[in-house]
């Protein structure tokens, strides 16, 4: 039985791919505590199947805002897409904490290494990510970002994804001097542990990072 | 009964003031989850009564390193002093995560506001804190740091502490345009909620921030 | 008669206030050249009456994108709102140049002075503007931004607007050491000349700045 | 017949090579508007044949200042050399706008791409250019600068110049991730269009960029 | 008798005020070592009586270059004017070290304090100095720069100079949080010790700083 | 006979390797002036045999502080280890100047070139050095740092050290575009001149740089 006072964290997958949402839920099992906050993973019904362009990003900002504004039963929100779509408009809509997984992934990485590397899905998103890092004022300790050049779907399900991630992670570690790596996507969590084992340096799943911060935000309030 | 697989986070108070350590324990009750990691607060026996100078900082770096190296029963460490003493030497001593509360406080603040303010205990520590922010590459979003000019003891126990914190917090909010405030000390946690209520913007206790990150680190591993 | 080869610049007012659009057209008369590019000012039908919040910003990004994608008769676009709504999603939608007036106002100011000041309409937009300056990597030479704390409507039409702008401009010049000032709104152009006369330093209307850049972009192509 | 009120922009080639001056005039034909500002290209009589060293730069600063101070019939000045010689001393000599083509080239590039590349004539000038970018506070979005290692004369007239520029432009695009390229010299304008066609990303001639800004400055005054 | 192998440092006063040159010589007596480098102070004959504008700066760059190129009997040069006129063109003219007193004053200050303040002669030079600090990449630790608003002549000889310097120094220390102060002029050396005594924090004469660096450069060669 | 007023600079080798201390003394002979400050090189008895880890660094901070506090016969201190161990705690202990050789090496390099390179002993120290450069706010002009991957002992005495340093120095010069090189260790001074001859660009020994600054500090006081 859930206590009526139990806090609730809503983790929103802004794309409409239910496989990704189930992957988020799996990734968050380790922080499902009996007397801790309830963690609910939700697919944004209006989202595109994947968020790969700026247009996809823009298409979910207002639906996310509406969701945030309407869910008074939630204590903190996590937007589980590495583009952090709608983060600022959602924050404008509520005084409750709203976390973006890109932001939280980078912030958490800064506590785990001196310089972080990012594994992106696609080459074309790197430019957008760099602009966002600049916006956050967090570029100084970027070692580098490199792309898998796979689709989100391939990354989540394909057999060769881990192999490719290890190869890219090694470039970040050896050529860019990263000592911690962020998986730059919401759908890679199941590769975190084997990737970390293969690289020998810390590997972070950004959704996990965001939810840890959200747990703090709701429990200490 | 604690599960043999339950993770353990060791929160070390590097000064020898047991009142501070008990305050840490109190501040962390909200993240004591039944099936979550065990959170142990410890006073560093060799620590000075308060850490107010660079000499105090240096005096605990090797004892902290020794502690970290010797405690194989611990999954992550939190150094609970806003000077983050010995953070890098402790990280050198172990592959397990070691968190500093200043670092985690700032990183968490960056997910909660656009520009952060810091309430310091003493004027003379501000210079040291700014140098440390520059070291972390995290100065860009500092709104300002202002001092209470009280002793650590006064801050932790004195009746006028909250009143003074509210006054300083208002300066950070109104003159420096901070939209989130970090309490720059390990011993202020009990003032967090009333200070947040008085200011109307987020207020963070850095030890709480660090332990939330540590929970993520040990649970997702 | 317009030459079939004559270039065309579309200046879009993303809010639905026709008074603002007419003000844009008036402001651009000085660059209406006989054999130069045609400059067309357009009101975005779907826009809110004013763009004062992040939600307003988000509400026009996809309509702007659609407009850009559909107008094949246009050689360059200017988004005439100081929040630069939809700038990147519009750029994604076309290989033709798309200019934002905030970006162009700041870039032009950097060629006219050592440190620029910004006159904002409202206090609450300053935080958003600073984040955007950081995103562009153009914070280094900001002297300061100060708000009129008037509504867009008051600024465009009210009699006291100029008086207030002079007062704020003097603070930027004397307290913040700005030597060039940007009027941080699309609807202030008619105040530019008297404000410049009163301050004795350069004053820039950002829409005018953007259209000068757009003229270069279309003519040299 | 020129209207007595017609504005005048003086574009000064600070070297004494008339071929370069004629090239400037050719490059500016597209912004020769019937009722627009008169654009006059002038060779600085006292200039060296090319400006390739810091000594060359220094040799023209006071002659440029004298020219600016003496030409009361001019509304804005453009110093058409990528070293921006004498820019600040000329600005000190007049309240009319003075534009440097390096500064304007970079500022315009920032409105056309996320990260800019520069094609320099000679390797030894890159160090000077980087120092100047740092002075302007505009280094953050530099992708890279690479040299043709040709003389100014070869670049302006040689048949192999374009071929070499394409090769260097591809390195900027592919290895340095530039998405807009500045031709770092006053004498390359005729290569702009074919270079842009070959690279598939925007290519800017800095003199053209400066004159577009100057048109805005004189027309809106 | 001077050893034929004795090194020689030429300290050039680029203005033609002999009083300033004699002041330089007085300031350097403490580093006149018997078997150390000979330190020669020279007035640039072609210099203006004071260097207070950018035009003054430009007027001495080539004469300084010529001097540097012609004096083969000198092992290192110090340009003793806080505008560092001609520094880069002189460096281009020789492989021997050339030091500017502004550059050396700031670099030395960074080894003496956490944040430096600068006492400028005139308000109008502050903008130029800030641009130069940005060029050097050394703005991060500037606490502030404040002007005496006295002429160079008044500063060097007037009775009220010290009094005014103490007042400005206190503002730098107390309002800007400087913990070391640079006297931003070549002609203030005799005030260094009393100013330091009055302020209780380090005060640096930039010519002295430059000559110490020059001694290292010539002796270790 | 030494004058009773003669100043004294204490150069402390924080490791206990007397060979290194003798090397320091040899390196400083060129600034042993008859009527200049006495330069005393001292081995820290409590130091480890080499300082290669953060633990080594921490182990000497308090002994250094104690030394500084106890030596009232000294006018300035130089900590001769490229990790600048204990620099800030020593500065807290005295109002006399304390110099770190890393800090002084970098500051001196900035007066000798546009971008500096660093030759490190070991790969693992580069991360620590970069963090320290960031702390000092001096990263902007770093060209690169590359490691010899030799032990301190090999570097000081081995025959192949110079050969390796030349190879690494060429990479810094040619691949990283450094125009001045710092030898990132206290024990390399005897290689300075031949390395400079081989590279054709300035090479700095950081202890020599620090002592030149210290001479200025004590003589001008």
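Note that the chains are named A, B, C, D, E and F in the order they appear, and that numbering of residues resets to 1 at the start of each chain.
Basically, a contact is a pair of C-beta atoms (placed from the backbone, for glycine too) under 8 Å apart; a residue touches a chain by one contact, two chains touch by 3 or more.
All values derive from a computational prediction rather than experimental measurement.
Considering the contact criterion stated above, the chains in touch with subunit A and with subunit B alike are C, F. Counting every residue number used by either copy at the subunit D-subunit F contact, under half are found in both chains.
Distance between Cα centroids is largest for the pairing of subunit B with D. In terms of residue-numbered contacts, C-E and D-F present the same interface, as over half of their contact pairs agree; the other options in D-F, A-B or E-F do not.
Judged by contacting C-beta pairs, the busier of the interfaces C-D and B-C is C-D.
On a Cα centroid basis, the chain most remote from subunit F in this structure is C.
Rounded to whole angstrom, the centroid-to-centroid distance between subunit B and subunit E, based on C-alpha atoms, equals 44 Å. Between the Cα centres of subunit A and subunit E there is a gap of 53 Å. Mean C-alpha position of subunit D lies 34 Å from that of subunit E.
In subunit C, the residues that touch at least two other chains are 131, 134, 136-137, 140. Taken pair by pair, the chains that touch are A-B, A-C, A-D, A-F, B-C, B-E, B-F, C-D, C-E, D-E, D-F, E-F. By the touch criterion stated above, subunit F contacts subunit D in their complex at residues 114-115, 140, 177, 179. Interface residues of subunit F, counted against subunit E in their complex, comprise 27, 30-31, 33-36, 97, 99-100, 103-104, 107-108, 110-112, 136-138, 140-141, 192-193, 202, 205, 208-209, 211-213, 215-217, 219-221.
Touching subunit A in their complex are the following residues of subunit F: 126-127, 130-131, 134, 139. Considering their complex, residues 53-55, 57-59, 61-62, 65, 86, 88-89, 92-93, 128, 131-132, 134-137 of subunit D touch subunit E.
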